[in-house]
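What follows is a set of structures for review.
Both complexes below contain chain A, partnered by chain B and then by chain C.
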Partner chain A sequence: MTTASAERFALRLHKVSKAFGGVQALNKVDFEVRAGEVHCLAGENGCGKSTLIKVVTGVHRPESADLIELFGQRIDRITPVQARELGVSVIWQDLALFPHMSVAENIAFDDLVGLRPKSVRYGEMTTRAGKVLERLGVRMELGAPLHSLPIAQRQVVAIARALMNDAKLIFMDEPTASLTQSETDRLLDIVRKLSAQGVAIVFVSHRLAEVLEIAERVTVVRDGNLVGVYPTEGMTQARLGELMTGHHIENDVSARDLPDAPVAFQARGLSRHGEFHDVDLTIKAGEVVGLTGLIGAGRTELAHVMMGMRRADSGDMQLNGAPYRPKSVRAAIEQGMAYVSEDRLSLGLLQKQSIADNTVISVLRKLTSVTGLISESRKADLVRHWIKELGVKIGAPEDPISTLSGGNQQKVVLAKWLATDPKLLILDSPTVGVDVGARAGIFRIVRQLADEGLAILLISDEVTEVMHNSDRILHMADGRIQQEYDPRTISVPQLEERIYA
Partner chain B sequence: MRDLMKSYTIEVRLAVVLALICVGLSIAAPQFATLPNATSLLNNSAVNLIWAVGLLVVLIAGGIDISFAVASSVVQYVAAKMLMAVGGGNWVLGFLFCGSLGILLGLLNAWLIHGFRIISIVVTIATFNAFFGLLMFFSGGRNIYNLPDWWTARIFIFEHENAQGVWSELTLSVAVMIGCVVATWALIRRTNIGRQLYAFGDNPEGARRAGVNIAVMQGVAFGWMGLMAGIAGLCQVNIVKEVVPNALYGRELDVLAAVVLGGARLGGGKGTILGCVLGVMFVAITQNGLNLLGVSPFAFQMIIGAAILIAISTSNIDLSQVLRKKEVRS
Partner chain C sequence: MTALTKRLSQLKSGAGGENAGLLVMLAVLVLVFSIASPRFLTGANLGSMGFQMPLLGLLTLAMLAPILSGGLNLAIVYTANICGLTLAWTIMQFGGAEAGIGAFILGGVLAMIVGAIAGAVMGAVVAYVGAHPILVSLAMMIFLRGLGEFLTRGGDISGFPDYMRVLGHGELAGIPVPLILFGLIAFGWHVLLRRTPHGFSVYMTGSNMKATEYAGLNAKRTLVLIYTLSGLLCAIAGILMAARFNSVRVGHGEAMLLITVLACFLGGIDPFGGHGRVAPVILALIILQVLSSGLNLIGANQHLATAVWGLFLIAVMVLRSDQIRQMVNFFSRKDI
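This part shows the complex of A and B:
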């Protein structure tokens, strides 16, 4: 290869194909990343993004490829070791770090790998780890065990670890999925800094706003085929979503007025010390109220009080006109409350159990037959009903829930709650880790539920999400509802400015 | 200092409690804080400590071993038979033989766990039964008194006679134990192999992706446990001067409890030599103290059990957080 391309490209793949069984995961895909570029790899779940990353890192061997070139060096067959030595690094979503080890040891861990016995020099390890963090412009207690850090900082540790191996091309798989907006901003700053230092970054994210903000170019893949490579300048979220899914996505404000609808839920002067103060909240039947604001604003804490997980210090709540003072979560559910929590993977679903069991877990008592045991036929009926109703794509109801994609898992969580026949549904960050197409599907369901008369409180970090899917938007900050907005009279940038000001 | 408190919370707490117990016992039982008592405590704890550091390595790597105590018995029995067959042997041969046989038994566990992807508790309960069954079958449950002279000879590394003519002695087993403790510390703390063991126990998938050789890690962990079991078997014979096939049966759970008490995590990835030693000594000293106080031996088990429960259930409470909360409130 010519030296010109050696300088310009960190990675070049031409016509790479890979099939698993009968499924063509990648079909003659081209993918190029320039040195020092921030590049986004976009596509829905299962489109071939992960396969592409695994080909570059040598985990999968492609069936055919016209060219694989890393940093100007043509390679016939990549092995994982070779990829790492050349400077390719992947930060998977689960980070693959060691919670009980210190920050320094996590950063320097790859030096310790191998079977030739070596002695460990902690002092040197700490110095080197500190230098890498300095390069990122981050300060951290190097001796602290990793599990004592918030997820955002662990993400930084994972990046530092990649840099420790002299990474020149870093793939980041959904790095911001569990971060708040301000944490995301800080991470994006680090990504920019690395890019300025000549490190190429391939960003995989479902949050299109962030993709457009950080990346220079975006490569879109759909069903294993390359759709195209586009500059992000001039690209809109809607257009990118269309390229990824191949469909036109409704992304308009859907707010309506509901002058005659009865009030489903009302809170007056609700306070809990140190969490939120004097909150007034009214949600009508059939209304979707968006609640947005920065993390720590008290949104989730408010939801917890509404669900009976904690008690309010003062103020009162009404549900369907009757006083509502839940003593426990069970009491709240019985009175018609439902809560889709923000941490779906650990709190919302029993990952190892079947789709069917997850769907009926909240209504087991309704399924008992005269013997007091669970009626299998009633259970099967209920599961079939909700899978059809919400359009969950599954193999069999007996399959473990972990076999489903993020979007379909979230639908099962919804089904589980809808089976309790709720009056008010609280959705806390319902689309974390859910891709564009599935998001649209979930919000279509949400809108349909509202049309059927369900009151919905939609809590989200993402301004566009509340803009497009709520009838009214409440902005919460420092434990207080600051202001109410009508999505029809404010734009996304205006709202963002108010929130992040 | 605060860092030290943070990373060694359990160890610091255990040391404080142990110190309090020692002070209390010195006042309540005059014989407690004497040189003869201290040396006999060490002599009696040597075998448990050797096992404990071996088990610590297995726990750090995310496994568990139930079979090590009966493995020691198997090693003793086979060694006694083989060494007598080759004319008696000597210490060097004894260490080599017991060590390698122990390693073999440990590797058998590792192979079953890794090769067939069976969890370690199931494998080692099975090998525990298999080892013990085979041993009882071949030995017929009979003790062996006919042992080489070197093996049963009393060797002291420290001797002292006090004014009343009472001797304090430290046996060879204590020296061996100290060697095992130091070697294990060096392995897990100072070598890259040891750090990979921690990583493997902490996050197996993360370790695998980082290129840690999982099969070798299982081999190192259970092989080290086996080596310690072999050495412990050798030392125990030197102390009791006979081979009793069922003498060690049941000791494994006491050791396991002591190691967990010392802060090793059953899920893997966490545990220190200091904590492990403190855990074993905590149990030994409590037992010794109760004995000196004239408490019925039947009460030992109950009190030790209660102490372990209290220690483990309170070890999850983060003292620094409790303190911080108080600060905020005040």
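This part shows the complex of A and C:
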């Protein structure tokens, strides 16, 4: 127990292998986390990251392993209970909390469900929950029901719950996927605080910028194989992306000038009370305009007005030179608008329905014959066309959309909108939960669409994404467009400074 | 062993699997009952089944569409009753048993209007107020029951013209008229749900209303329309009920309400909306009818038949569960 390694390593895995059916999910992978270290586990979807976490937490039993050691203690076979007792905790992306219970109840949940029946002492529970939050440096209404909190705060509750169980090694699966930049920064602060308190954190994230910011070392896994362990010092995003995908990813500013292109969309003095004010916006055909800024800046609200989901209080819009005042989403679509929602899971796609149905949902009218019935053959043709056009990797068109990876789901969202033959495509945070390789694929498509003359509004709070894919960048804050930037004459750090200042 | 496990694995959901599984069940039941009773596979029994099933069938279809849209219509039976009353009163106005065919047509049209209105009101409240369909349809059910009992003083209206017997008891080329009516409506329902943009919208609304609206479909209008059509089907069921029983009473057929829900779920309809087809539900209806008629023929108590329906549904749910599916997959592995 008191060997040297006990103090240095929270976790040591040597040559761990695990297969599912014929698929080798992990192939002799080594993975080590030092005590109190912030370590990043990087790799594309399906590379074996989740399997690795599940081996450590005893959910999966590896076929073979030379060594599994937790906090200096060699373990032959981990069970989930044992892993938890030793202080291993995982915060999955869905958080696994109870929406209708209070913050305090969620934090103290594992204490509440002891083996022996006992009465719940709410006073003590609240005090203890409060203490844990204090340790994180966070203040929160302890009696508030969880569902009333924004996702960022729920994340904190999940972390507090892990700490309540004396976690000394916490795995965080895509903790920032649905957070804005400022929320992410706050979460990273908490992670640093935990690390200083001696808690080791394994961070799983697609956002390479924050990986490099927070982690000391990064372990890269590709197709179940260990690529290597690297210090983050001196590592670049481009290099890390290459290590993860195995091929070079273009990440350069790609801005162009379009002096002769006709104006596709124009808004003048657009305002909606409490959301945005006096917005002037011009997008030319074939142009990609980046719109960035903090959450609450009014970006998504502006998109909703453009898409006919809400109405502006004042100002006017023009689409292809004609006055544009959509009364409904349908009217907006008919006039050539398309909107890739920031919330793919609950608004962008119907998760229970098939790939085919999700592709054709907005163009049913194109599929009906004179009888008013949907033509199955036309539907199949349309689906086949777009699946091929965008290179979506699917099993069968009848499979539920939820069987696809984030990147492929987003391609189906694109297919759905491209099928409507839009004039202006609004992309609202299009790469949330999409991994590095698939991101590149999506932006290749976006670029190609722009080259074909589609006007594109790219809304994102990832500064690098906007920098690399826009022709012009608009910075929005407090409901107003503050400034326009040319990606060719400003750097990422400069732009970040303006936004977060 | 392998034959059985193969059959069992066909019980899994999915359009083809659903039908195959139910067909196997139906075949087994028919086999068992025809061995148990020589009278089961006779024209008389099949005919009586053909007269009994359509009423439950129409109400089940009226229940099916709202469930697909993510809701429920608990008011189906009382909507049918009120529509039946509308028809009955119209006929009584024109001389009761002496009334001409015009009175029946007028009464039928009025009944359908009443049914459609009842449905449209529910649909509008569900869609535009955002109230839960269970509460809305429950309120409508209680309203219609109270209204009907108040207007009839709890009694029944009977004594309809003879020609109405054709609708309830007639045969065309040896096939019961109610069954023909049901077949036509069921086919129409299938086409509406599976092939029209409106039906597509019902499925989408049922799985995520907000995302459906974001895609540019009018989910609210879809809900109003589907509840209206559900009410219309209830009206047709009410008319058929009047023709079959030669009387109308509020509360007639009340026991069928929950059976329609059972038939929908037995037919593989997703209780939370968004998935399910007409054909397996009809198979489920036939199975329920076979169970009830078969048990009746071998001399079992009618109440026992109801109990067997309940047990049967529980058994089906167990068979459809993931655990069973895994077991089936395990046993059908080639290396064992």
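We take it that the second predicted complex is superposed on the first by the 497 of 501 C-alpha atoms of A that agree within 3 Å, B and C clash if a C-alpha of one lies under 4 Å from a C-alpha of the other, contacts with A are read in each partner's own complex, and residues count from 1 in each chain.
Heads up, the rule we're going with is that contacts are C-beta pairs under 8 Å (C-beta built on N, C-alpha and C of every residue); 3 or more make two chains touch, one makes a residue touch a chain.
Nothing here was measured: the structure is a model prediction, and the numbers come from that model.
Of the two partner chains placed by the overlay, only chain C lies in contact with A:Gln351; chain B stays clear of it. Of the two partner chains placed by superposition, A:Leu243 touches none, neither chain B nor chain C. Judged by the touch definition given at the top, the superposed model places A:Ala477 against neither chain B nor chain C.
Using the contact criterion defined above for the overlaid structures, shared-chain residue A:Ile426 touches neither chain B nor chain C, since it reaches no partner.
By the touch criterion stated above, A:Arg365 is placed in contact with chain C alone, chain B being left untouched. Judged by the touch definition given at the top, the superposed model places A:Val120 against chain B, while chain C stays out of reach. Of all residues in chain C, those touching chain A in their complex are 191, 195-197, 200-201, 203-204, 207-208, 210-218, 270, 274-275.
Every residue of chain A that touches chain C in the complex is listed here, in rising order: 309, 328-330, 332-333, 339, 341, 346-353, 357, 361-362, 364-365, 367-368, 372-374, 416, 420.
Listed in rising order, the residues of chain A touching chain B in the complex are 80-81, 92, 94-102, 105, 109-115, 117-120, 143-145.
Contact residues of chain B toward chain A in the complex are 3, 6-7, 189-196, 198-199, 202-203, 205-207, 209-213, 216, 265, 269-270.
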